[in-house]
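Letters A, B, C, D, E and F mark the chains in the order given here, with residues in each chain numbered from 1 onward.
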Amino acid sequence: MTNPATPKTFTLVITGAPYSSQAPQSALHFARAALEQGHSIDRVFLYGDGVHLASSLATPPSDETNWSQVWAEFLEHHGIPGVACIASALRRGLVDEKEQARYELASENLRSPFTIAGLGEWVEGQTRSFRTLYFHAGD
Amino acid sequence: MTNPATPKTFTLVITGAPYSSQAPQSALHFARAALEQGHSIDRVFLYGDGVHLASSLATPPSDETNWSQVWAEFLEHHGIPGVACIASALRRGLVDEKEQARYELASENLRSPFTIAGLGEWVEGQTRSFRTLYFHAGD
Amino acid sequence: MTAFHTLHILNKTPDHPRFSECLGTLGTDDALILTENGVLALATEINLKTSRIYALTPDVEARGMAGTTRNSILVDYPEMVDLTLQAQRVISW
Amino acid sequence: MTAFHTLHILNKTPDHPRFSECLGTLGTDDALILTENGVLALATEINLKTSRIYALTPDVEARGMAGTTRNSILVDYPEMVDLTLQAQRVISW
Amino acid sequence: METLVIIDQPPYGSWTGREALDMAFALAAFDQTASLLFSGAGVNWLRNRQITDAIGQKSVEKNLSAAPVFGISAILADASACRRYGLGPQDLPDGVVLTEMDAKLLARYSHTVFAG
Amino acid sequence: METLVIIDQPPYGSWTGREALDMAFALAAFDQTASLLFSGAGVNWLRNRQITDAIGQKSVEKNLSAAPVFGISAILADASACRRYGLGPQDLPDGVVLTEMDAKLLARYSHTVFAG
């Protein structure tokens, strides 16, 4: 039996987009609770529509939470890597400077500290973490 | 009774994103068939997740269709307005130069000839068109 | 040309809640066109509650359903355009 | 602390096909936690097929379900974190 | 010409319902007749005492109660969906009319739309 | 440690199934044991003669047939979902194993994942 008091490591995978699903919000609440209890988060991996969370251009109305910004601040503050799957990201128009140059695109829109990398990052997270939890869209 | 031979006007509303749903593809096939039969398309309105179709940064693998690009070329070629709903677009990180300046964002990512405007464009399309058809995500 | 009241465009699988919502509102003079994932309904034994069932050929073929079209009438996109004009109203589910 | 085999995290309404898929795989030693839209199941008469049902308080309250929690145990996020660690495995539906 | 906007998704789990409400409000703002129908799991919009602080979203109750002010002509709820989700007539906000979502209902509207 | 990747969405209507397949392939590529389970409407991945030219997408049949080559250890299909969608054992591609999706099946895997 696992003793919940022992600090454990989580990898969180977010597959639902902000302003479309509740997934990024639920994942953030979970992540905060895990850290407060002394656990650690190895990484946050964005997959499928979840990559939109890493957009630097999301501009919700001023009376709504900017989930991309809040997530970025959380990752930055705690030094947790946030990685968007490169295949999901490129198809959905989320690119960093490197991909911008490679595909000769007019701009980039990846919000720091998110990075773009392959599914190997997800596999590594799963093998290194005690728990890998998924936050999918609810519809 | 309607005589299908008489040219009619359509407004098409796309609410499903490319690389997530089939909606933009089905809408394009429908639009092409309508024009070939001599009908016209008043406008194409992107709503909800459908606004991602207007991204200038979508970069699918080279052996897959770039639906944003194909749609943009179709609109350009036939002089059909393509309008992304401003509220949907801003939340989801799709912005033009004007919104970039207004919100002091680092870049813009709207693909020409798409424009960004309010739901009034949808209402106008519906009132001016013989048929307004919706292309939603299928899951 | 058959005249009908409402054309229901259904692009969801039979497992999606909107599928049964759609079937529940089919009127006696209505027609149903199955598109995208909707064509998979033809592989099941679900009662589609109308005899005027169309299915979009490109979606039928993509899903390997060419031999499983039950009592539906296969249409291409130009014919679908016609159907949307013949109906008095169109609802996209 | 109760020990259990699998913790099933279910965030879909009872009308979503994955809801019944999840219930169909609940083992006798499993627990279910309802989150997001999943908490709406507590407003229905659906048999949830396990007696170990948790529901996430913030989602219950947001949906106006505070008075309709049936036989579920309300948990907050820290308790949910514990539950994911007590289980031998976790499945997010 | 009258448009029926159908909301069949519950609030908070997705944005579709909010975006449907915006469509109805836009129609009304441009002097088009618009009504709302809550069906399926969407009837959960009508539950009272939605306390959303802990999930970081604004409650949709206020949006919905503004519907008559914005000129929405009727707010309908599918009776069988309400029964399924344990919502009795006394649980519904003022002005919501219970109805059956069927061919006869939809035949009253020239346009029937979903937001997604 | 073995991961079961479940595909419960049919192909072409959404990308979720493709992205699930990529997850399984990535696990195999990094020497993790991975199996695929097709359930619900996802069993429609297994239908043969998918002719996709007219919808402008690549057929997924080739991707799926590459699974053993990429090191996927088993391809399972839920028997009751196959029955619902009219797929008999003779209709399934070689190597697909009919099973029942139940607690006993899932208990065999340390991780069970969906792509979305």
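Simple rule for what comes next: a residue touches a chain if its C-beta (ideal position, glycine included) is under 8 Å from a C-beta of that chain, and two chains touch if they have at least 3 such contacts.
The structure displayed is predicted, hence computed values, not measured ones.
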item	value
Between chain A and chain C, the fewest steps along chains that touch one another	2
Neighbouring chains shared between chain B and chain F, ordered by label	A, C
Classification of the chain A:chain B interface as same or different, half of numbers criterion	same
Chain whose mean Cα position lies farthest from chain E	F
Between chain C and chain B, distance of the C-alpha-averaged centres to the nearest whole Å	24
Whole-Å gap separating chain D and chain F, where each centre is the average of the chain's CA atoms	26
Rounded Å distance between chain B and chain D, as computed from the means of their C-alpha atoms	39
Multi-partner residues of chain F (each touching 2 or more other chains)	12-16, 40-41, 55, 57, 111, 113-114
Residue list for chain A, restricted to those that touch at least two other chains	19-20, 22, 26, 29, 48-49, 64, 87, 91, 134, 136-139
Numbers and ranges of chain C residues touching at least 2 other chains	11, 13, 15-17, 36-37, 58-59, 92-93
Interchain contacts (touch definition) - all pairs	A-B, A-D, A-E, A-F, B-C, B-E, B-F, C-D, C-E, C-F, D-E, D-F
Complex interface listing, chain E residues touching chain C	8, 39-41, 101-107, 109-114
Contacting residues of chain B [partner chain C, same complex]	1-2, 4, 8, 22, 26, 29-30, 32-34, 36-37, 39, 130-131, 133-136, 138-139
Parts of chain E lying in touch with chain D, wherever the complex brings them together	10-14, 40-41, 44, 47-52, 54-55, 57, 59, 84-87
Residues of chain A that touch chain F when the two form their complex	15-16, 47-50, 87-88, 91, 118-120, 122-124, 126-127, 132, 134, 136-137
Residue ranges of chain C in contact with chain B within the complex	1, 3, 9, 11-13, 16, 35-38, 58-59, 76-78, 80-82, 84-86, 90, 92-93
